[in-house]
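First chain A sits with chain B, and in the next complex the same chain sits with chain C.
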Partner chain A sequence: MNATLSGALVLVGRKLLTAFVQLWLVATLIFSVMYIMPGDPVLLLLGAESNPSPEAVAAMRGQLGLDQPVISQYFVWLWNALHLDFGKSLTNGYPVAKYVTSNLPRTLELAFAAIIVAALIGVPLGIAAALKRGSLRDTVLTSIATIGISVPVYILGTLLVLFFSIQLGWLPASGYTDISRNVVEHFRKLALPAFALGFGLAASIARMTRSSMLEILGRDFVRALRAKGMSEHRIIWQHVLRNAAIPIVTIIGLQLGNLMGGTVLVEAMFNWPGLSTLLVSAVSARNYPLVQGSMLAIAALFILINLVVELFYSLLDPRIRRRRS
Partner chain B sequence: MLEIRNLSIAFKTAAGLKPAVRDVSFTIRPGEILGLVGESGSGKTLTSLGVMGLLPPNAVVTRGEVLVDGVDLIKCTPAELRRLRGGHVAMIFQDPMASLDPIFTCGDQIVEAILLHERIGKAAARRKALALLEKVHIPDPARCMRAFPHELSGGQCQRVMIAMAVSCKPRIIIADEPTTALDVTVQKQVLDLLRGLNAEVGAAILLITHDLGVIYEVADRVAVMYAGELMEEAATPDLFTNPQNDYTKALIDSMPSLGLRQERLPVIERDAAGNVRSVRPQPRTRPAGGDVPVAVDPHPLLELKDLRKSYWVKPTPLAAAVAMHAVDGVSFSIAPRTTLGLVGESGCGKTTLSRAIMRLSNPDSGQILFKGQDIARLSERAMRPFRREIAMVFQNPYGSLNPRQTVADLIGAPLAIFEEGTPAERSKHVLQLLDAVGLPRAAAAKYPHEFSGGQRQRIAVARALALKPSLVICDEAVSALDVSVQAQVLNLLKDLQVEFDLTYLFISHDLSVVEHISDTIAVMQKGRIVEAGPAEAIFAAPQHAYTRLLLDAVPTVGAERARRGRA
Partner chain C sequence: MTGRLLSLSRSQPAFAASLAILGAVVFVAIFGTWLAPQNPYAINPSAVNQGSSAAHWLGTDEFGRDLLSRLLIGVRPTMLVAIGATVIAGFFGTLLGIAGAYSRPALSFIIMRGVDIMLSFPPILLALLAVGFWESGVFSLAVVIGVLYIPHFARVAHSATLQVTRQEFMEAEHAMGASVQRVVRVAILPNILSPLVVQATLTVAAAILLESGLSFLGLGIVPPEPSWGQMIGTARGYLSQHPMYAIWPSLLLALTVLSINVLGDRLRDTLDPRLREE
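This part shows the complex of A and B:
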């Protein structure tokens, strides 16, 4: 027992170390992007059209620390980032960390809501299709799933708004209300963007669930369970689904990770003030510290979610627990 | 107890019902073991699944009754059937590892089986499971309760399956090829266990197998199936001494048997009228002009000197890696135009050794002398000319042929790789190779899935011969084949040896096959050669304890047959 526990700790430690190295590589990439991208932030800040004097430019450079050698800029930036200090917004001098911490939970909330919608729709549909393989039900469900994957989120979002807000008037079309101000209104405004994101994801989860279930249903041990006299219902829920869960959890985890930066369209469409909205406005304003800060936050979340998913595998599959050694 | 009357099973196809089992009838009495024997495709597994009501969705029972204590299972509702399954009729499957759910512990799975049919508490069920594991002689039953299937060996998994099968004292146990995936010594233990439990529990056992030796060892009576029909049913001694049916005779003849070496094995042939008979083919002679006396070459073709190959494995995540000596100081030599049979159980290092000789992996130390030159440390480039000289035939003819290539492409691939001749010359050579392995020339344009297992292995042999190698390594090359098909491929290998001056390294776990084909034998255990020498000497008087253990474990079809064979 003790050996298993220490083995698990070693595993977690190794994964954390890997995640940390990944994060550092991403941070380095994000930092260098600033020098690769065209345009000088100082000129942009002072307004290139107003033809700023060289003195003003130099003063601004000194103020922002841009007159230092690149390598020392890099280490200062990295050191500050390590302390969650991403600098100040170029436009208003407000700390980037404040922006990120206020927008990040909103994106996280939207992503989790979408993934829950997707799993609640996708997994049962996939199971239903797998159990009646080749039947009309399977064909219909599989076709719906294919359509779900191919409809772009902005079209689905528009349709949802047309139907639920304009036609029926049940839900607000867009906006955001903080949960501390009005709980009901908060979730009413969350519903449409979450569904718009979730439907497309549900389709791929359903397909993965279906094929994974079919693969497990064909295994020898399922036949052995039937020969034991176990009911079909118990075989499916207790044995097949648990065995089929690993690829399903994988795809859910990957999608959740992708959502960290993939909510752009939906956030824009529904006026949801999340990280993606922040990133898009920062990019168009060449607000470099804000770009770097929000990109790093998105990357960190992505890596973190993947880490959690991988650790979750070993709970599901005893073979992975040992094989990783 | 179990009575099957006129059972017919058919597959549903687009063209209507295609019969697969026709009018099969037999009975098993309490405490009896009935062996059901036949080749793959003979309908024996389908019959057993029909009895359990577990037929695949595309198969249906078209006629007949399956009576268990007077109750017809065919007429039962699914719920009634479920109560009978596991409780009344239990089943043991071929691949024990795959037949256990990988994500539950073995203990949980036995407990689950007990609770399905008995109204007892969970703690009581656990105690019972532990007692069952003791009964099937698993070492350390408490650990086995906690272990996941992948942490146990194949033999141990099969014991868990057996424990589960007998947990509810079933009246009938159906064992479908229960030992086919296991080593001989383990097979013997499992068969002994089954026989012992049978005597104790008093259950009737239907033992399905393709292995006549297994039947001979354990079954009280035998039923022989061929092409969906029951050929013959008789008491075991009668069947082997005095088979009535032509197919049964032919099947018994085609089996290589310990202590009975034959130049060529008889094969089963079917004439136009559908009658089956046993034919002993004449050894092929060398083509005209080829009968130059073959000089006896004193130098071995292949010689291994103290070859070693280790892998580093970690027993637990935190422990330091330890060396696993897969090949531990192996030395032997093979004379040209002879066959060395390499015998050993799974995990003994046979395959690692063959991969090292092929230089698919690099040995740690030692020499591999091929025609006197050490190839153990040659670079990939310097190794290239030797690659033509050494060819390999793998175990699984389904996995070793690319399904998207035609037979002509497959056989011609080595020629194309070595840029041998023009495309026209190559295709002519491919046709000659097809002739040599006894396949029709029309086969060239076909794909592997259009052939049976035995035919595919012929294709694999033709591919191995394409570059006229001098050494052919056969790694369990006939293990996946039926007895009668195995006899054909073994005869072919012997014919080709004479025709193409081949030297074989024949790796197998099957001692009777090895005895049949080998001139010299090396017995491998835990990475070492424990005994080596001329085949006849080793089989007549094995020196090492492990060799004797292996030989004792082989189910033999009695001395009567040996006498009959020699007569």
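This part shows the complex of A and C:
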């Protein structure tokens, strides 16, 4: 027991260390992109074709801190980021951290809603396909899953808007209503983005569910249970599903991290005011402090989610815990 | 290889259809400018957002430009970005992967850990970061997307090289005193080519999706030059007046990506039976 506990502590320590190194590397990358990219970011910001005066260029350089030596800029940036100070927005002087903290919960909400949609669609479809392997139903469901993975999320989103808001008029096409103002409207506006984001995930969850169900169905213990005369219904629901659950739950958990990438397009297309919408509008406006701050927030969230998911599974599944290389 | 591909397309209609679609896409990417029935940039304020007609087979966009012509010339920037990115990622990724498998343990550790960390991030986030600080266009998009997919190639090349280095003929090459260049060229590259080809098809599909995603957000191909992703993004503002404006490019883009994925799956099964799933 003691050995297991210390082993678990070592594992947690190692994962925490990796996450910190990752975060530091990403922060460094986000900082250095401004210098790696060819061309002058200040001229890009002010518009080189408008021929900005040297004074305006120098002033903007000072505002961005670009007139300081790169090394000291780097440490100041890291130090401030550690204190959650990402500078001020170039357009209105608001602290970037304020934008980030107000938009972060909305991104999380959308991501969780999408995961729930994906699990509710993907798991039953995967089970249905596995139970009738090789049948027409299986072929149709598997093909739908392949298409679901191939269709980009913004095409699916566009089709959903066309059908549910324009043809049927059931749901609003985009926007956001705060939950404290109108609960029903809040969820009506959440529905389409959550479905757009969830469908692609549902496809990969369905595939994983199908293959892990098939694997368990082929095991000896299932044959033994059948030989014993247990009803097929009980075998599936009490034994096969329980054993197939670990990989299914794992893929659902791992998808949470990947969702951060998918939300970029979905948030932007549905005007959902989350971190990605913040990032995309900051990129279009070349609002550099806001780009860096929102990007770092998304990256941190991504690393944190992956860390939690990995820790959860490695502590839960003894096979992963023992495999310490 | 050609013979095997031919026999495959006879036995599998989905594969044959994908090949036909991709052939058409490549053809249009090369000759689209000449195929376009009208000037794709000609603005016509009196024919804005129209449906299909004899003059405009697929209708017009928000500036009255001919949609069919814009769809036809919109393939080329996407394909240039996708192929350019795949060449960049394939070249540097393969180099890095072989180096990772072939160098001292410390260097190899640094290379492969770096690859792992980059792989753990969604490419679209890093791409957004890069286009935020660089002017957008076919060239910059190809470079940015290419760099982002270097780790994917490196991972594949690395594991394939490790497999090859364990084979006996490698020992023979070393025993004969072959130089590193010769070993890489004669022994490693031909033997890791199959997984790399499969990875290349996957990367082309991913690069198309990434380019069209960025263009959809208005951060990719710069107007008035069209690309399918950018057309979908613009059409989103006119969904109720002109739904087909969004549907045509969506359909073409989805079909193209689906075809590449089908092709990639089949290629993987044919070229490398060991990688076959299930």
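Structure notes:
In this text, the second predicted complex is superposed on the first by the 249 of 325 C-alpha atoms of A that agree within 3 Å, B and C clash if a C-alpha of one lies under 4 Å from a C-alpha of the other, contacts with A are read in each partner's own complex, and residues count from 1 in each chain.
We take it that a contact is a pair of C-beta atoms (placed from the backbone, for glycine too) under 8 Å apart; a residue touches a chain by one contact, two chains touch by 3 or more.
Just so it is clear, the model here is predicted, and its values are computed rather than measured.
Applying the stated contact rule after C-alpha superposition, one finds that A:Ser231 touches chain B and leaves chain C untouched. Of the two partner chains placed by superposition, A:Pro172 touches none, neither chain B nor chain C.
When the shared chain is aligned, chain B comes close enough to touch A:His239, but chain C does not. Between chain B and chain C, C contacts the larger number of chain A residues. By the document's definition of touching, neither partner reaches A:Gly253: not chain B, not chain C.
Looking at the shared chain after the overlay, A:Ser284 reaches chain C, while chain B stays out of its contact range. Legend: residue contacts after superposition of the two complexes on their common chain; A:Ile147 is shown touching chain C, with no touch to chain B.
Legend: residue contacts after superposition of the two complexes on their common chain; A:Gly122 is shown touching neither chain B nor chain C. Residues 117, 120-126, 128-135, 209, 212-213, 216-219, 229, 232-233, 235-236, 239-240, 243, 246-247, 250, 253-254, 257-258, 261, 278 of chain C are the ones touching chain A in the complex. Contact residues on chain B toward chain A in their complex (touch as defined above): 52, 54, 82-87, 90-91, 93, 95, 98-104, 112-113, 116-117, 148, 150-151, 161, 164, 314, 316-318.
Touching chain C in their complex are the following residues of chain A: 22, 25-26, 29-30, 33-34, 37-39, 41, 44, 146-147, 149-152, 154-155, 158-159, 161-162, 166, 173, 211, 257-258, 260-262, 264-265, 268-269, 279-280, 282-284, 286, 288, 291, 295, 298-299, 302, 306. The touching residues of chain A, counted against chain B in their complex, run 3, 6-7, 10-11, 219-221, 223-231, 239, 242-243, 316-319, 322, 324-325.
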